[in-house]
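One chain, chain A, links the two complexes that follow: it is found with chain B in the first and with chain C in the second.
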Partner chain A sequence: MENFENILERSKMLSFDLNFEYARNWKSKEASRVILGYTPIYFPREIVHAVNGLSVGIFGSGDRKQIIKGDAFYQSYICHIPRGIIEMVLDGNMKSFDGFVFPSICDVMRNLSGIFKIQKKGKFVKYLDYPQNFNPEIGGTFYIQEMKHILEYIFEINNVKLTTENLNNSIRLFNKNRQLIKAIYDLRREFPWRITYEELYHIIRAGTVITVEEHNEMLEGVLDFLNNEKGEPLDKIKVIIYGAFCEQPPVGLIKTIELAGCYIIDDDLVLGSRWIQGDIKDDTDDPLKALSEAYLKNSTFSSSMYDVNNPKGERLVKLAKDSKADGIIFAAPSFCDPALLDIPQLQQACDKHDIRHIMFQFSENTGQFKVIKEQVGAFSDSIKLWV
Partner chain B sequence: MKEKSIYTFGIDVGGSYIKAVLLSYSDNPVIVDKISEKLRKRDPSKLSDDMVNLILERNGLTFDDISYLASTGEGEMVNRKTGHFYSMTTHSKGGLFFNSDVLTVVDMGALYVRAIKINNQGRVLDYKMTGQCASGSGQFIENISRYLGLAIEEVGDISLGSKNPETPSGICAVLAETDVINMVSRGISTPNIIKGIHLSIANRVVKLLSSLKAESPIMLTGGMALNKGMVQAIKELSAESKYEWEIYSSPDSIFAGAIGAAMWSGFRYQLLKSNKGSIPNKIKG
Partner chain C sequence: MSQEVSKEKSMILQKEMIGGLLDDLSITKETGKKVVYTFVPGNLSELIRAFDMLPVYPEINALQSGMRKISGNYIRDAEKAGHFEDVCTYVKCDIGMMINGNIGPTGKKLPDPDLLLLSYTGCFTFMKWFENLERIYPGVPVAMLHTPYQENGKITPEMTQYMVKQLKEDVIPKMEKVSGKKFDESKLKQTLAESVKVEDLIVKIFDTTKNRPSPIDAYFAGVYYIGPINIGFRGTPEAVTYYEELYKEILYRVENKLGPITPEGEVDEKIRLVVEGPPNWTSFREFWKLFYDHGAVIVSSSYTKVGGVYDTGFRHDPERPLETLGEYCMHCYTNLNLPQRIELLSKSIKDYHADGILVNSIKSCNSFSAGQLIMMREIEEKLEIPVGFIESDLVDPRYFSYSNIKNRLDSFFQMLNQRKTISN
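For the complex of A and B:
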């Protein structure tokens, strides 16, 4: 088994490789392989895996690319992530990608899919609408059609047809991936000092750009390390960070939160990897239906998810209580409408249950963390000392 | 049976100095020992470790006798710490240690000045701080004193001898430093230059206090509060602005953050001890 230091080093390299070298190399080994890029939050990667494809998460350029062209496409009052993505695609960073999927999370992402179409990027561009109706006969059927639509695009490229056996096998692999991630989160909730959240973030994010088989091996190594490493705990508070489901905060900000007296024990960053809660059925005659049902019934909660009968505030409170968090840090990207519009009702739910919280905004290329450090440090002290 | 003493450490890593305080914690905490060391480009982890070891050694203690070691300031790199408290929290408590009536604390460090409104338990109620420009900081005074060939320890007394202070630009450290070069070439005396610098920073402090709606008494903490000229300038400007503030500083003001960290360490230690099962292991044991 690969040792933890190697896994971590590789994860750091992979998760911020804006040229997607891994995917390019992977594709070059077989003619029928395809690469599909997808933007946050969730995408059913199983369907691409089952037809000899690799789905690659596109999380923006973070603080690692100067934005020049991207700014020409979006107004100043729009979030930062689409600018970085445009900059990357126009610079040819995603030349080896065959297609792009833009899950429906907000208007900005919808427009981004349009820009990709106009710029003729990839062999196909799909704006993936998620069902707003949770009745399997209605929303479920619609969602299956959407997945089939993507499979048709891929079939046109590599002529690989989806089989039940292949999709069940892919579901099995991704189930294992989710189980491993959950086991790591569960263990880390108890012993957050064993690996830092920054390390965990890189490890999870790396999984969005490599094969699930390889990521599972990495995660097994991480779990093994977590079980054996005892580490030295510090007197810090345990927090959940919430609101950064799409545009990712810079790693410096994550470090700042940890250095300012917090253990981050749960989050909604790279949420797609943990979107489906529990296993998806992997032995059915209709695995597309299994994927659809999992989405309708076992999705986690997020600002971009319509879920009127299952209030997000209560779910967040439950998460905080179950994970014994001392508080919640709402960290939302500037100009992110879904996150910012949701936060007041989430804060109300927290207030109702005496869960302490703070909020700040960031941009993926934020470089100054002094003010955030002040805020988080004061928050941590207030929880530790004002009981 | 006599209860074992609760020894706590506070380590304050500032922009120029590291300060370490060993405290015997109780309802009437007592400072057992203290050291401050200029960083001089040394590794803060190693330096703070050496300081802790030195204090332990000269007080006949081992690290196992320490119930809680807290860092503060830029103290993330401090080894063997149990926890970290934020500067505002620790300076507030430190200010209260010097004078239990204090309602406002002004932390005047190497990198910035921060005015903090507190309650009688040291709880932060509100705060204001200077922006990022270095011309409102202790580091600026250090730079100017170096240009003028003065030791930082003597600028306070020299400033008190000023008759006709010349105030530089208060907006930008670069411009202010240029002003000082011009003053020297114009033959302005050293006391007048230094006093002018003090007044420039004091002006910022008074504005901070004013915007915070500071309540008296006010305790000045941090390295700059040791500078008599600086303290005098703040008192003069606040009187000029018709504020009737009582302003204090302590000979130990540079240790305020470390004292506060050690005080909160004792408080936190007792709190965690009463809530068994909380981290860290040292407290569980």
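For the complex of A and C:
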């Protein structure tokens, strides 16, 4: 098993390799391999894995790339993430990608898929319309067709046909991946001092750019370390950060929150990796249906999903209570309609249940954290005074 | 003289129709009529009528608040209640209006919804908006109609099937329950047959801008013309009468080579433009004046297609009532992908002999705005036509900067005039 320090080092490098070298190398080893890039939040990577493909998460360029061309595509009042994505694709960072999938989460991402079409990027560009109808016969059938559409595109490229056996096998591997991530989160909820949230973030994010087999090995190594490492707790409060499911906060901001007296014990940053709650059936005759049902019935809550029968405010409150969080930090990208339209409702739910919270907005390339540090510090101090 | 009289006739008809709806809404307690809150893009007017229910359109309330200059206060109140600055101001205006007693344009309280019909065509914010409304009106049933996006530039049979199933198994049963009436397909078919007439007429009306001078302004006046078809009258004999009358009046203008009417009289057409993006409502008159003062006439606009794109041939088909409702929703302007939007705008520029295209980029509306810059560049390159760009907002007066917009428009018009002089 790889040693923990190496895992940390490698995941840090992988999660911010904006040239996606790992994927490029992986693809070069076999002619029928394909790379599919996908934007947040969730994408059923299993289907691509089953047909000899690698799905690679595209989270924008963060604060690691100067934006020149991207700004010419967006007005000042639109969030930052699509600018970085455009910059990368125009600079050739994703040249080895065969196709791009834009899961339906907001109008900006939806229209970004159109920009990719206009720019003729990749061999295919697919806007993946998730059903907002959760009846398996209605929304489920539609979602299966959407997945098949992607498989057809891939088949045209590599001639690899989907088999039940292969897809069940892929589901099994991703189930394992989710189990390991959950075990790490569960353990860290109890003992957050054993690894920092920054380290955890890199580890999870790295999993979106490498094979699931390799990520599973990595996670086993992390779990082994967490089980053995003891360490000493510091006087910090436990918080959940919520609202950054798409554009990611800069790592400096994450560090700032931790340094200002918080342990981040849950989050929605790379939520796609934990989107499906529990295992997906891996032994059926119709694994696409199994994937679809998991999406319809076992998805986590998010701003991109219609929630009327299952309000997300209550679900967030339950998460906070179950994980014994001391408070919630709402951190949303500036100009992000889905997050910003949701947060007032979530704040109300928190107030109703006496859960303390603060809120700030960020941009993926924010460079100054002084104000946030003071705000979070005051928040953490006030909670410490009360508990 | 005669033209003024006949012009007034269509306006009177429109006023009567809308006034009648508002009156009906104010007496629902007495009549027992059920009220459906829904949206313009992808509106299921014919289906609502088939159940004898009355529609309320939150975004129409918002735009009217904008025109009556009270949206600023509503938005402030919504922000005071915790809503953030940088989100769609239609939503905040609506929430602010509810905080202030939900008083409609007639000064009377609008009735609460009996059904929230969420068909969120072409915009995600609609979904968020209704999640908010659902919390304001707890217990009111929500019928969701998810319209798939034309991501690949076409409507597949699977997409239509998905919509039909939602209508059959979710939307219609909820409407039956709320209205207490059984779904009557033949009634729906009759209504749809009237819709076709209205759709034919609206296409003919907007097609008259091919004339020189254009007899109408397809943006500033166009937003009035689309009122009845968009807010629940599509499919009614009154709407057929209204559009017939309007068409007649416009043909009169064509025959007499008259330009568009504005609040200050007739425009002497000098510049012909296509406009992409919604208008600003809070300073609508001032905004319009900036155009007609320069003789700029809008010969086509994408905004008048938000409630349905009919000029590429779509018509409701009474023989396939549910399929056609689904296809209608998928055909609305913001449900088209960016290459389709470029195609449609380019066609308008060519068909209506526009001298340039102007983008009014709306801060509130990512559905329209995200991608507009590349659309502009593509059109500019493809058609070698001047492109102008301004920024404003729908109903937030803080984002209407008169001097900025004026400066930009002045230089744009100057450039267009120079170009015309050179090419003549």
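To be clear about the criterion, the second predicted complex is superposed on the first by the 385 of 387 C-alpha atoms of A that agree within 3 Å, B and C clash if a C-alpha of one lies under 4 Å from a C-alpha of the other, contacts with A are read in each partner's own complex, and residues count from 1 in each chain.
In this text, contacts are C-beta pairs under 8 Å (C-beta built on N, C-alpha and C of every residue); 3 or more make two chains touch, one makes a residue touch a chain.
Since we're looking at a predicted model, the values are computed, not measured.
Following the overlay on chain A, a side-by-side fit with no clash is recorded for the pair chain B and chain C. By the document's definition of touching, of the two partners only chain B reaches A:377; chain C does not.
When the two structures are aligned on the shared chain, A:235 is found in touch with chain B, with no touch to chain C. When the two complexes are overlaid on their common chain A, residue A:385 makes contact with chain B while staying clear of chain C.
Using the contact criterion defined above for the overlaid structures, shared-chain residue A:252 touches neither chain B nor chain C, since it reaches no partner. The three-chain arrangement built by superposing both structures on chain A places chain B and chain C 100° apart around the Cα centre of chain A, to the nearest 10.
When the two structures are aligned on the shared chain, A:136 is found in touch with neither chain B nor chain C. In the superposed model, C is the one of chain B and chain C that contacts more residues of chain A. For the pair chain B and chain C, the minimum alpha-carbon spacing after aligning on chain A is 19 Å.
Interface residues of chain B, counted against chain A in their complex, comprise 68, 76, 81-89, 123-124, 129, 132, 264, 267-268, 271-272, 279-281, 283.
On the chain A side of its complex with chain C, the touching residues are 72-75, 77-78, 82, 104-108, 110-115, 117-118, 126-127, 129, 131-133, 135, 137-139, 141-142, 145, 303-304, 306-308, 311, 334-335, 337-338, 340-345, 347-348, 361. Within the complex, the chain C residues that touch chain A are 81-84, 86-88, 91, 118, 120, 123-125, 127-132, 134-135, 142, 144, 146, 148-149, 151-152, 158-159, 161-162, 165-166, 169-170, 337-339, 341-342, 361, 363, 366-367, 369-374, 378, 391.
Considering their complex, residues 232-236, 259-261, 370, 374, 377-378, 380-382, 384-387 of chain A touch chain B.
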